Each structure stands twice: as structure tokens, then as C-alpha cells.
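Pasting a structure below so you can have a look.
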Amino acid sequence: MKQEIKAPKFTWIDIHNPTEHDIKYLKKKLNIHPLVLDELIHPSPRPRVEPYKDYVFMVLFYPIYNVETRETSSRELNIIVSKEAIITSHHETIPPLKTLFDNSRFNKQSQKIYLSEETGQLLYYILSAFWQNCFKKLEKIDKRINDIEKHIFSGKEKEMVLEISLVKTDIINFWRIIEPQKEVLESLLKEGLKFFGQTLIPYFSDVLGTYERVSNTLERAKETILALEDTNQSLLSTRINEIMKVLTILSVVMLPLTLIASIWGMNFPKSLPLSNSPMGFWLISFLMLTVLVVMVFYFKKKKWL
Amino acid sequence: MKQEIKAPKFTWIDIHNPTEHDIKYLKKKLNIHPLVLDELIHPSPRPRVEPYKDYVFMVLFYPIYNVETRETSSRELNIIVSKEAIITSHHETIPPLKTLFDNSRFNKQSQKIYLSEETGQLLYYILSAFWQNCFKKLEKIDKRINDIEKHIFSGKEKEMVLEISLVKTDIINFWRIIEPQKEVLESLLKEGLKFFGQTLIPYFSDVLGTYERVSNTLERAKETILALEDTNQSLLSTRINEIMKVLTILSVVMLPLTLIASIWGMNFPKSLPLSNSPMGFWLISFLMLTVLVVMVFYFKKKKWL
Amino acid sequence: MKQEIKAPKFTWIDIHNPTEHDIKYLKKKLNIHPLVLDELIHPSPRPRVEPYKDYVFMVLFYPIYNVETRETSSRELNIIVSKEAIITSHHETIPPLKTLFDNSRFNKQSQKIYLSEETGQLLYYILSAFWQNCFKKLEKIDKRINDIEKHIFSGKEKEMVLEISLVKTDIINFWRIIEPQKEVLESLLKEGLKFFGQTLIPYFSDVLGTYERVSNTLERAKETILALEDTNQSLLSTRINEIMKVLTILSVVMLPLTLIASIWGMNFPKSLPLSNSPMGFWLISFLMLTVLVVMVFYFKKKKWL
Amino acid sequence: MKQEIKAPKFTWIDIHNPTEHDIKYLKKKLNIHPLVLDELIHPSPRPRVEPYKDYVFMVLFYPIYNVETRETSSRELNIIVSKEAIITSHHETIPPLKTLFDNSRFNKQSQKIYLSEETGQLLYYILSAFWQNCFKKLEKIDKRINDIEKHIFSGKEKEMVLEISLVKTDIINFWRIIEPQKEVLESLLKEGLKFFGQTLIPYFSDVLGTYERVSNTLERAKETILALEDTNQSLLSTRINEIMKVLTILSVVMLPLTLIASIWGMNFPKSLPLSNSPMGFWLISFLMLTVLVVMVFYFKKKKWL
Amino acid sequence: MKQEIKAPKFTWIDIHNPTEHDIKYLKKKLNIHPLVLDELIHPSPRPRVEPYKDYVFMVLFYPIYNVETRETSSRELNIIVSKEAIITSHHETIPPLKTLFDNSRFNKQSQKIYLSEETGQLLYYILSAFWQNCFKKLEKIDKRINDIEKHIFSGKEKEMVLEISLVKTDIINFWRIIEPQKEVLESLLKEGLKFFGQTLIPYFSDVLGTYERVSNTLERAKETILALEDTNQSLLSTRINEIMKVLTILSVVMLPLTLIASIWGMNFPKSLPLSNSPMGFWLISFLMLTVLVVMVFYFKKKKWL
């Protein structure tokens, strides 16, 4: 699906799910190399910037968090920027781009901001929206981390093991998506100088600054969740060790008593002592009690109980 | 609640819990954009500096340690600085700001220091008080770390697991609050040049220096508590392993004796050896004793006991 | 096996499994030091660049993943570059080099790109192909990491222990092969200036850029697999601890019951209480049931079950 | 206790345990701000340099290792340097300062080195002695690390757990004392330029170099002890796991035999098989032996034994 | 033992185990400070460079791996370089120095390389041989790491615990010996400029480059062995946990059966059910079998077996 906006100095063409037909249209209208247009259709393995003589071709990846599968996946966005046109192409909806495009179409005030200047400025607004949007995701991650912290210290260590693992994986996947795009922004800053001229440098360096903030916040979240994981593990293992120790002591206390009972259960009708005494059972019971008391006393003294 | 101090060259307006009424007052008195004033009422997600034509808008977060819940939370402080006025707005009391404000109102000597120059100087004193105050908190953390260290080496490993986790979480939360404010101070240094002029640069770089010291001290505290956590875990696990080993050996020693007793407890009236011998019980008891001695000797030789 | 391509300005000699005969041929045709030619035959311990007066000698290592043994090994590639000739020598087939060589021989278009300029340009294409090819391997590693992640969270922790170890070892071996080649590329950039002149600097710095991207991606993969290993270990140990706890509780519950049974199995015909009562067995069975219920209740209350 | 040395160009006043009386003397003799002099009496929380118009005030901390409590604590040293005098004030004896002071008083040759120049040079010698002295401590730490290493590999893992923890804590405490003093030396280099002039810069940068060496050596010691702790833990846990496995197998082997004995201990006078056979006992004993052999064989085959 | 080589422009004096006699000889022949000569006899604590007016004094440490004790120790090498002479002094044989010295004495071609220039060039060859030699050691470490990797993945985890610890300790000791010498090389580069002049700078920076390569390779080896240690530990603990789980299940399965047997072993001649029934034994045996089957089925269902 192809949509166009006519700005005073350029055209913005947004293509959702580009078809062969769209590619032909672009080839005819703008003088873009067929190999570049081909890339709009096929998925790219990694983000990059490729400067050509009359235009710049960019591949970006936008992180999307799926609430149901609890996974962060990435959606590809291809951008071609020339002097006369900016083409944004994607196979799936990319929310901040959609918002920007719709505002540019229907909202007068937004049009004044986004469309009154060169294509470089619009590229800046697209990239900026892209990164600003990551903050919302970071706030959600922060909230989950705070929840985990509260639960850890109220005795729900076991339940938190999986939640911590999920949040950690979420952070790492997010980081794996955004980290490689640093090079894109850096080379845009370098290549952009030649293509867009000096005036746009502060804009692109502002986007790079936003990226740095996102990256730092993510780094902090990563360190925090790692520390919480350690804390949770150490609380959990202290607790389970304590339980196992008590259980083992219980077993150990039972065993000598069972041994004594077994000894007087042996079939020695002629030699088993006390066997025929009328007090026999009570004497042995008293022996067992004594052994029990001595063991409990010993474990208490050793501070094992 | 709004309070004002008239300084020779500017007005200091401190607002506790700003209301719509206060916002209107500020809008009328000072020519500040409504969107900025709006931010005074709503909480902001993160610290930042926003330079405008006639004023600078800042959002800072001040870490507060709650003794009861043993948690470090943050309180937001909004500052608007123009040539003629400095506005500080907050929803909760921020101790170092309160001290500074009260001193500026009632103490002649403090007035001479804080209020005789431009707004930039006062901003410096506010920021400086803000960061100097963190040192007190750091000293408390240091004290708790030293206490933990003493307890670990006097055999209270188990009791320290939770305390270490609490201090670690406290440090990490403190760090998550102050770390993002580095960018605020850095961009203040950059933006401040345009707005406050060259003379204030050494002041702001002094605040940045204080921040660096706080950050370094916190970093050291973090490394120390992590090392103590490791130490505690290894002492604790060595101890519990030792206990479990001894307990298991006790069980293992009981089992063959019980087996022997059970064997002579079998009902074979015609074939059980020694069953009718008058020394039967004592011979088997002697066998058990021999097995016991051999096992203890074996475990001693293997250095398991 | 020796193969030659005549380019307008130079000759490309590719030698597979160089023999003494090949060495003599090279010595006669090109004025290269016998010691350097010797190195073509013997394996080298590490990658390096050695600039001589009329030529540059390079040793590179290409990582090859063996699907069967699941191991990453390296293959040596020796390159001698002079003004008139470029010699590539190797003992085993190096896929990206083979592709490049075959294209240069049979494909007109490739010839125009690779062979129309100086030897420096061809060296750039060889190095570039070399590093570009690593991305394919990285994508395979990425795929395996994603698979591991999915399996971890669907309860196959135990099966993933070995797979995680294999992927981690694979990443580390890959990294150990490519990491030392950074110095080669850096010194090529430095030495290359003298030998190939200013024009080739952007080319070699482009190869260095590709290397950096490979290295960064590998670093990210390493961090991810380490995090997944931690996650897997903590899920696994939580699970196994839980199982061990339940098993231990089962044992502990059995032991007092066995003790009671053993006590009433003792041979005290005259003193064993209830022994001759017609309800004896049922009373003791009821006692056992009571003990069982109390213990289960106690463990439930302690939240151990 | 106050002691003075008259040098050609300045006076060196060393005060041990400064009293109000000493403070008054200093205030009268040298024109120093009362607030600075006050600091000589009260302990300071952290090291720092404060430049004034006519003098520089410094707070340093010297690490002292207490052999008895096995703890590293710090002692405060206050220094005031003006053109005409250098004042060193401390509450406890600081060995390297004492040596320097005594040498300057009684040793002609030392006097020529330490006292013939400006106060800046003497400050250099004090700081230098301060840091050089740390090397002795570092060598002691090194010796303890080497001892630990020897013991770990000769089977004393358990005994080393506490020793490793003590050395690690010692290193960390040492590091926490000296690390903050880096800022002192750096700001001395910066501020010193204004106060002492260009000639003293190489001296102070030499002290900073010594500090860097101490800091690097400490960093190395820290990494080494951490690696040894890991090694010790893994050797220890491998050993204890092995013991536990063998003990558990012993228990498991006993249990089926006890079960068989218990079965033939049941009171079924009419239905217990073999009970009245003259070979009954021996048949069951043979059954037990068979079970034992099968289990041992099975565990051997599984490589658990 | 003192040996001398006369070069055209200087003398090379190599002293093995310097005596008072040798020191006197050097003092007489070359104008070197007695304190420096003293250092040749006594061991030095750490590597360093000390520039004097007419000569440079250096202390280096050479790592030697002892195959028998499997330990890496260091041997001290003292070098004094003046314009007219180079003195190398050591208490133990240092292989690369010995090779260089012997070649310089007996091999014409080596003499032309090593002895025809100034003392600075010879110093370069000594240092270079020193560091080049480290690569052989690094290759041995690499070989051991590869062996460990192979063994880990072929089921010899337990045997590898000690071997990994030994290799790790070896790497760390090697690193502790060479790391401090970086400062020596760096200060040689700085001081050397004054003493040896501009021409030798590229030589010394080449030695520093070799050092960097050694250091990087060692760093890689350290990271690899740490990763292998982790891998080994996780494989080992997964295996041992699995064994312990199976063993514990075996115990748990035995216990209820033993309890049932014990219950019917109780002495209740009048009330024990089925006791006198001719099918009693078989009914209870069938009960035991049922319990066994239910438990095995339950554990299978829970995936614990």
C-alpha cells in the first residue's frame, strides 16, 4: 500500500508491504538503482547506511514488545532520502512512523513543523520519533524491575526466578536490536555532512544523543536486573539450604533410635538382654529418649539447629 | 504553598505543591510558556535540561532514604531560571533546598553569599547543596558496609545475607537515581555557557566535580558490597557443606548397623545362626561395634571427618 | 596446484598446496627473499604483516566451521603483494577466495571490478570478501542463540546445558581466530600508506570498519550467550532444588513412622504395651496416621511443601 | 605535642595530637583562617585539597595494617603549606612521616636533601615517602597470595576459604583508602601550578606516577585473589560433591538390603516363604549378596563409583 | 662468572652470579655509582628504569616455566647501558640472553647485526629477544587450553577441574610477571629519547608493540580459560545433580516399602491383620509392589526420572 504526501520542497512516499508494482513506480519516478529498490522487498540481515551519488539508503530496525508472547522482536524500516523525495518502506506497521505520517497528512501544525523544510529535517523527525519512542518501553522495563524488587524482599524468591529471567532476556533482546544502530547514526553523522550539509549536523547529533540516553538507561536496567538476580539467588539458596539442613537433622535424629529399636527386634530368645524383664520396654524407651535429648542438645550447641 | 524572597537583582520563588493558582501567578508575572508551567504540576519521567530563549527549565531528582521501609526513593525538583527570577517547585519537601531557602530568608550572612549575585550563582548554590548532601548518605552506607564486614568474620554469615541484599539494593537504587543526572550537569555546562556566560563555567564544573566524587564513592561502595557478598556466600556455603557432610556421614554410619540388626530380626526359627546360642546377642553386638569402628576409621583416613 | 590470471597491470598467482617446484618458479619470476617463500610451505603460528622493500608479506587466518565435529578451526592464507604481482597461497581451500578467483577468471563483469586497477585494489577485494563472509557465520550463531532462548523458556533447561556450552565455545574460538587479525589490519593501514599510497587508505579503513562490525556483533553474541547460560543455570538449579526438597521431605515423613513400627517390633514379650490387646495394631496405626498428619501440616505451614 | 625544625627558607611544624593551645600558637604565628585550624582538631570524612590565597590545606589518609586484628585502618594527616611554613598535624603516629621528620632533625645529609629548598620540595618528599611506603604493604599482600596458592594446590582448600576472604577484604579496604586520594594528587597537580610554580610540576607528577603504580599493583593483587577464590571454590565443591556422591551411593546400597531383611522380619507364621526351611536364612543372605553385587556393578558401569 | 665481548664501538659484559670482585672491576673500569652496582648483587622487588647522567639502569624480570613443579617463576635481569659499555647481570641463566650472547661471540653474521652499531641497538635486540621468547610460552598455554576443551566435551569434566585451575594459575602468574614491565618499556621510550636520541625511538616502540601483542594474547587466553572453567563447572554440576537426583529417588522409593515391612513386623500376635492368613505374606508383597509401581509411575509423570 503506497501513500504520498506533497510537501513544498519534496514528496514523502510511505509504502506498507512494497510490491513489484510499487518498485516499478519508484524506478520510473525517481532515478534509483534497481538493486537498492530490490532491498525494499527482501528482508535485510542488519542495519546500515549506504550513501549513493543522489540519495542515501538506510536500513533501521525498530524494537516491538509483544505482550502475549512476552518477546521483543524487531521490525525493519527502509528509508531512501534524496533531495526531492523521502521514501519509507516497511512490511509491518511501525507505530511512531505511522503517527508521524498521519500527523503530517491531517494536522496543519505538524505539517508546518515536519514538511516545511528539506528532506534532511524530515529524516531527523523520523529518527527522533523512532528513538524517543524507546523511552516508553524503558519505563515499562523499569516498572517490572521495581515490582521484582518488592517481591524479592517479601519472600517470593521462588516465583521471581522466572520473572527475572524473562525481564533479563527482554532487556538483552532489546539491547541486541538497538546496539548495532549506533553505527548507523554515527555513519549518518559522517556521510550526512556530505549529503545534507553542515546545517543538519546538530540535528543528527541530537538523535545520536537520544540514542546514547536510551543505551545508558538500558545499561543501567541490565546492571540492576543482574544485581537483583544475584540477590534473589543468594536469598533463595540460603533459604533452601536452611530447609535441607533442618530436614537432614530430622533424619539423622531418627536413625539411632531406629537402630536401637531394630537391635531389640533381633531374634535372640536366649541372649537378648532385658527381653523377659517386666520393665524391659520402658528401660529401652528411656534409652531412646536419652539419645534423642543428647543429639538435640549437641546440635543446638553446634548451632546447627 | 508559595514563598518569595526578594534579592537585589532577582526574585526567588519557592513553591511547595504547586496549584493551578500558582501557575497562573507565574504566567502573569513571568513570561513563561504554559507547557513548561504545566510540567510543574505533573511528575516527569526523567531528569533533563531544556534551554529556552529567556530561561532554562530543569528537572532534577533528589534521593531520599526512608528509614522505616529501608528504601531509597526519589523526589522531583523543578527549577526555572531566568535573568529576573529563579523558581523552585516540588511536591514533597527536599531537605537541602529547604535549609538553603530558610537560611536565605532569615540569616544575614547567608543572604550575602547566596543572594547578592545573579540567578546563576544561586543555581550553583542550590545544585551544590543538592550534591554535597549526598555525601551524608554515602557515609551511612559506608557505616553499614563496615558493620557487615565485622559480622561476617564473627560467624554471623546467615544473618548477613538479607542485610547485604538490602544494602546492595539501596546502593543500586541510589545509583539509578543519581546516574542519569550526569547528563543534566553536562548539558548545563554546555547550555549554561550561552545563557549564564563564561563566569559561571567554573561553578558548574565544580558541581560536576562533586557529582563525579559522589559517583566514584558509590562505585567503590558497590564493588565493596559485591566482594562482601561473594565472601559471605563462600563462607556460608563452606559452613553448610561441612554440616551436611557430617550429617550424611552420621546417616551412613547408622545404616549398616541397622541392616545387621534387621538381618537378625528375620523370622527363620530353624536357620538363623547363633539365634539360640546364649552368647548370640553379644556376638552380633560385637560385630556391629567392629563395623562402626572400621567405618569411622575409614572416614578419618579419607579425611572426611 | 598453481593458477595464474593476467590482469592489465599485474599477475594474480593462486597456489593451492605450494610445492618446492612452485617456490622455485616464484623465486625465478619475482625477486622475493627465499625465507619469505619458505613460509608459504610451513604453517605460521600467528597472523602478521611484514613490509619489505618491494613487496608486503601477510599471514591471515580464516575461520571455518566444521558441521560434523561442531568445531571452528582456522585456515591459513599467505599473501605476497608487489607492484607487478599478487600471490595467494594456502594449503586448504578458502571459500571466499576461491569464489573471488573463479569470478576473476570467468566473469567479465567481475574482471572489470577486480582486475582493472593496481594490486592494492585487488588486495582490498580479497580482504573485504574475507570479512564480509564472517557475517554469514555470525547469522548462524544468532540463529542457534535464538533457538536456545526458546527452548530454555519451554522447560528444556537440562537439554540446553550442553548446547549452550557448545555455542559458547564456538563463539570463543571464532573470537580467538579473528581478534589477533585486528593488528594485521591496523598495521596494514600504517604500512600500506608507504607501499600503496594515499588512495588506498579509505579502502583499507573500510576493511577495518567491517572487522569492527564483525567484532562488535561477536561481542554481543558472547554477552547474550553468557546471560542465557546464567538464566539457564538459575532456572535449572531452582527446579532441581525444588525436586530435592520434596524428595527429602518424603524421606523425613517416612522415618518417624518406621521408628514407631520398629519400636513395636522389639522382642519384649512381657513388657511391650498393647502387645496383647486385641486393638493394639489399630491403636498404633492410628498413632502413625496422627504423626503423618501433624508432619504434613507442619511442613505446609512452614511453606516447605 | 608540637615540634619545630628551622630550615633556611621555612619552618616545619609537626603536631602530634593538636590542642587548643597549639591552634592558638599557629593562629598567632601564621595568618591562617580559624576554620582551617579547627579542622586540625576534628576528624575529616574524606581526603581533599583546599587552595587558599596564601596557603594550601590538605587532608590525606594513610593506610595502617594492624597485625593483631588483621584489619587495615586509616590514619588522617593534615598538611598546611605556605611559603614560610609547612605544618603537619595528626592524632596518631604516621610511621613514614615520623622517619622523615626525625631524619630532617638529626641527619645532616637528609637535611641537605629535604630542607635546603622551598616548602614545595619538602611537601614532595612527604607525599613521596607516604606512597613509597605502600609498596612494603603490597609485598606483604603478595606473599600471602603466594602462600594461599601453594596451599590450595596441596589439598588445603577448606582451610584457605577464610584466609582468602581475609586477604580479599584487606585488599579492598586498602583500595578504599588509597583510591579517593587520586583526586587529591590530581588537584594538587592543577592547583600546585598556581601556588608552587612550574618547577614543582615534575615532582608532583612523579608522586602521581607512584600512586598509579601502587594502584595498578593493587588491581593486579585483586584480580589474582579473585581468580584464586574461584579456583578454590571449584576445587572445594568438586571435592565435596564427590564425597557426597559416594556417601549417597553407600546409603542407597544399604536400603534394598534392609528392605529384604525387614520383609523376612514380618510376622506371617503361616505364609512367610522359606521361614521354616533349614536353608532359609542362607538363601535370603545369598539374595542380599546378589542384590549388592548387581548394584555395585551397575554404579560402576554408570561411572558413578 | 664474567664474560666480555669487544664490539667496534662498545664492550658487552655479561655477568652470571656477580661477586664483590666483579663489582670492583666494574667500578674501576666504568664510572658507575656504587649504589647502582650494589643492586646487581641483591634481588630487586620490582622492574624499573632509572636514568642517570651517563648511563641507564634497568631491572627486568623474565618468566620461566618449570615443567616439574608446573609453576611459572621469574628471573631477574639487571642491565646497565652507557655509551661505551652494556652490562647484563643475572643470578640464574636466562635462555634468550644466553643465545644472543653466544651468537654474538661465535657467529660472524650475528656479530654484524648485533654489535656493529651503538649500545642502544644491542639493548633493542636484548629486549626484543626477551619478549619474542614469550610467544613460545603462549603457544604452550594455547595447546593446553585446546586439550582441555577437547576433554571437557568428551565427558572428562571431573579430571579437568584441577587441570583448568593449574592453567589458570599459570596464566595469572605469567601475567603478574609481565604486566609491571609495561611501565619499564614506556619509561624507556620516554627516557630513551634523551639518552639514545631520536633514531632508537622506532626500535623501542617496536618492543612495546611486541609487549602489547604478548599482553593481548595472554588476555585472550585468560578469557578463554575462564569461559572453559564456567562451562566445565556447569556441565559437571548438571551431571552430579542428575546423579544425586536419581540416587535420592532410589532412597525415597525404598522407604515406604520398608515402612510396610516394619509395620507387619510389629509384635501384635492378637491384632495384626492377615498375620495368620495363609495368603498374608503374598497380599502384603502385592501391596508393596503396588506402592512401588505407583511411585515410579508418579516420578515418571513428574519427569523426575
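Order as written gives the chain letters A, B, C, D and E; numbering starts at 1 within each chain.
Here is the rule we use: contacts are C-beta pairs under 8 Å (C-beta built on N, C-alpha and C of every residue); 3 or more make two chains touch, one makes a residue touch a chain.
Since this is a predicted model, take the numbers as computed values, not measurements.
Undergrad: What is the Cα-based rotation angle between copies chain B and chain D, on a 0 to 180° scale and rounded to a multiple of 5?
TA: For the C-alpha superposition of chain B onto chain D, the angle is 70 degrees.
Undergrad: Find the geometric centre of each of chain B and chain C from their Cα atoms only, then give the gap between the two centres in Å, rounded to an integer.
TA: Between these chains, centre-to-centre, one finds 38 Å.
Undergrad: Centroid of chain A to centroid of chain C, CA atoms only: how many Å?
TA: 23
Undergrad: Going by the touch rule set out above, which residues of chain D reach two or more other chains?
TA: 237, 244, 248, 251, 255, 258, 262, 265-269, 272
Undergrad: Which of line, ring, star, complete or other matches the graph of chains that touch?
TA: Ring.
Undergrad: What's the ring order, kicking off at chain A and moving to chain B?
TA: Listed around the ring from chain A, going to chain B first: A, B, D, E, C.
Undergrad: In the complex, go through chain E and note every residue touching chain D.
TA: Residues 45-46, 158, 161-162, 164-166, 168-169, 172, 175-176, 179-180, 183, 229, 233, 236-237, 240, 243-244, 247-248, 250-251, 254-255, 257-258, 261-262, 264-269, 272, 274-282, 284-285, 288.
Undergrad: Within the complex, which stretch of chain A touches chain B?
TA: Against chain B, the touching part of chain A is residues 135, 139, 149, 152-153, 213, 216-217, 220, 223-224, 227-228, 230-231, 234-235, 237-238, 241-242, 244-245, 248-249, 251-252, 255-256, 258-259, 262-263, 265-273, 304.
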